[in-house]
Amino acid sequence: MADLINLIEIWIKNLLLGWGASEGLTEFTLQALGSVLVIIICFVIVIALIWVERKLAGRIQDRFGPNRAGPYGIFQSFADIIKIFTKEYITPTGAEKGLFNIAPVLAMASVLAIWAVFPLAINVVGADVHVGVLYIIAVGAFGILAILMAGWSSNNRYALLGASRSVAMLISYEIPMVVALLVPVLLSHSMKLSVIVEAQQPWFIFVAPLAALIFVISSMAEIGKAPFDLLEAESELVAGYHTEYSGMKFGMFYVAEFLHQFTVGALITIFFLGGWSGPFAVQWPILGVIYFYAKSFIVYVVISWIRLSLPRIRIDDMLNLNWRFLIPVSFINLVAVAIADRVMMEFELARWIYVLVMFGTNMVILLAALTLADKNSKAVEREEFSPRPVAVPPGSEIK
Amino acid sequence: MVPIIIFGLASLVTLGAALAVVTNKNILHSAFYLVLAFVGVASIYVLLEAPFIAVVQVMIYIGAIAILIVFAIMLTRRILSEDLIQRNSQWILSALGAVGLFVILGWIMYSVKWPVVQQAVPEDTITILGQELLSTYIVPFEIASVLLLAALVGSIIISRERE
Amino acid sequence: MLNYWVYIGIFLVVALVVPLIAVLLPALISPKKSNPRKEEVYECGIETKGNIRIQFKSQYYIYALIFLVFDIEIIFLFPWAVSLGKLPLFAVIEGVLFIAILFAGLIYAMRKGVMTWS
């Protein structure tokens, strides 16, 4: 009786069959309803998240954040929605209309599409395909394409420059992200997301903390917000690839960014924090759904916290961090985890020894990598400035 | 019935997009039509119950090669500012060659009796793929790595010569 | 198996249609008072001169090339990672060799200074 979701599913199924719909049509309707529901939940969450994020940003940066619309400003997002819906669309002269209008829709769709494969509970698995992990990576490609489209079609130098910069960054950081994802795949011997979730005894963040760390860093870059937001570094590039967008078209990019961050939270939850698992989640699947969203939300807040505390990184530093540190470390980590996992499988050790050895291996690699990086990095030369008065009295100019 | 309709739609999209790639005057639009053609091909792979190939198609061809093509176009200064002439003096010859190739391929496809597996497609094809790749086809697997290394080194050498 | 892909197909269509509606809806209710000044390309107030489609650094292209190589490598590693448990112990060495060969390429690229943004 605790299985609320299946109960509703069966109820709708019987209802439709009672109306004389065929088996295939019923199945189709159910799947359509399911996908609409998941997507609507995504939008509702984003509306809430925008408020949470702004409030959080305010508190961390010693401001109030939104506090006018309603108690604690909770209606701020709704006010913004009404505003953005009534805003005029401006298409710049010389823009390529077709690509210009497709880009925001594609950007949003590429983030939404990832949710098709997420297992929300033990019996609510979405599309539980065997290539789940690769599907998530593949769908992300359309987001990169959308950025290129937007940057190109805007007929604006800043947009084009911002787009090419951000694409260079996105494709660079995709490598360590995917290699880090290989670790949970390797540990659970499957690319099926439901199997990965169920294989986490204990959570993979304890078995493979280094992979989790690399995944967090590289997917933070994939989100494209601070500290990796140099695609829209205001002082250099106006607003990056969406400089020319207005109204809801800009809104789509904005919402896609927030949803992407929440999606990254969900991905970290699935791959490293046990997905829907938790106390009584097997008996009451509805609890699993709640655990899943709650964990994703916590990861979201932690990511926000990190990025609100750090200043923006320069593009050369950022690309060097990726190619000279993250990629080598992620490959070495993968090799070490593969060897350790397979060798220990031969001996059939107790689970806690296995976890301990894995954790130790990860930590040794992390420490070694950090020491090596510290030794090899050149000390940043900073020019020393002697303090001088801002306003100089006449006749005493510095020569 | 439904798979046939989807197959028809997918092939229509693929062929239409492919035609647009060839006929479009703006070479960047051609690149984006190429992406659409890749999507069509990927959906046909799904219909063939080869999801791994389908996902790889999207990941490699759209996620990497299409972006490479767009970057290559953006790098080339002259290619976009002018209206390119789409034919040169040899277009009749190459058209004939293309038609000839199409006829030969069509004839081969029609005349060869393709072996059809009777049993159902196994559930988890990726595990089987991995096992085959690392036992029977281990030499090609390692050679692929060497090939990729050669491609990497080659691309670095070419790009450094330009400077 | 195909059933899941039907769901993904429906999901993709819905995921495209919902943002499309969200973008089209304001077009009905929002004001349309355009003028040439408004439609100008935004360059912080300066009038745009010359060709917009500037040529940019070849380094972007090199990154895309190297990314392609690593992407293909990763595709080979996924079946290896999935089937590792069912393979003999030697298969780990085979996979490690595969990674090591490409790792040499990465070190070569780093030594040549390709990875250093200038």
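Order of writing sets the chain letters: A, B and C. Residues in each chain are counted from 1.
Just so we're on the same page, a residue touches a chain if its C-beta (ideal position, glycine included) is under 8 Å from a C-beta of that chain, and two chains touch if they have at least 3 such contacts.
Just so it is clear, the model here is predicted, and its values are computed rather than measured.
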item: Innermost chain, taking as reference the mean of every protein Cα atom displayed; value: C
item: Most distant chain from chain C, judged by the mean position of its C-alpha atoms; value: B
item: Selected pair, greater C-beta contact count between A-C and A-B; value: A-C
item: Chain centre separation in whole Å, for chain C relative to chain A (CA means); value: 14
item: Separation of chain A from chain B, taking each centre as the mean of its C-alpha atoms, in whole Å; value: 29
item: Per-residue multi-chain contacts in chain C, two or more chains; value: 1, 5, 53, 56, 60, 64, 67, 71, 78, 81-84, 86, 91, 95, 106, 109
item: Shared interface positions of chain A, touching two or more other chains; value: 129-130, 134-135, 160, 164, 167, 171, 174, 189, 191
item: Numbers and ranges of chain B residues touching at least 2 other chains; value: 51-52, 56, 59, 63-64, 67, 71, 74, 123, 126-127
item: Touch list for chain C against partner chain B, complex; value: 1-2, 5, 9, 51, 53, 55-56, 58, 60-62, 64-69, 71-73, 75-76, 78-84, 86-87, 91, 94-95, 97-98, 101-102, 104-106, 108-109, 112, 114
item: Contacting residues of chain C [partner chain A, same complex]; value: 1, 3-8, 10-12, 14-16, 18-20, 22-23, 25-27, 29-34, 36, 38-44, 48, 52-54, 56, 59-60, 63-64, 67, 70-71, 74, 77-78, 81-86, 89, 91-92, 95-96, 99-100, 103, 106, 109-110, 115-118
item: Chain A-facing residues of chain B, complex; value: 2, 28-29, 32, 35, 51-52, 54-56, 58-59, 62-64, 66-67, 70-71, 74, 123-127
item: In the complex, chain A residues that touch chain C; value: 27-28, 31-32, 34-36, 38-39, 43, 84-94, 101, 104-105, 108-109, 112-113, 115-117, 126-130, 133-135, 154-158, 160-161, 164, 167-168, 171-172, 174-175, 178-179, 182, 185-186, 189-191, 238, 243-244, 247-249, 251-252, 315-316, 319-320, 323-324, 327-328, 331, 334-335, 338-339, 341-343, 345-346
item: Touching residues (chain side chain A, partner chain B) in the complex; value: 24, 96, 99, 129-131, 134-135, 137-142, 144-145, 148-149, 152, 160, 164, 167, 171, 174, 189, 191
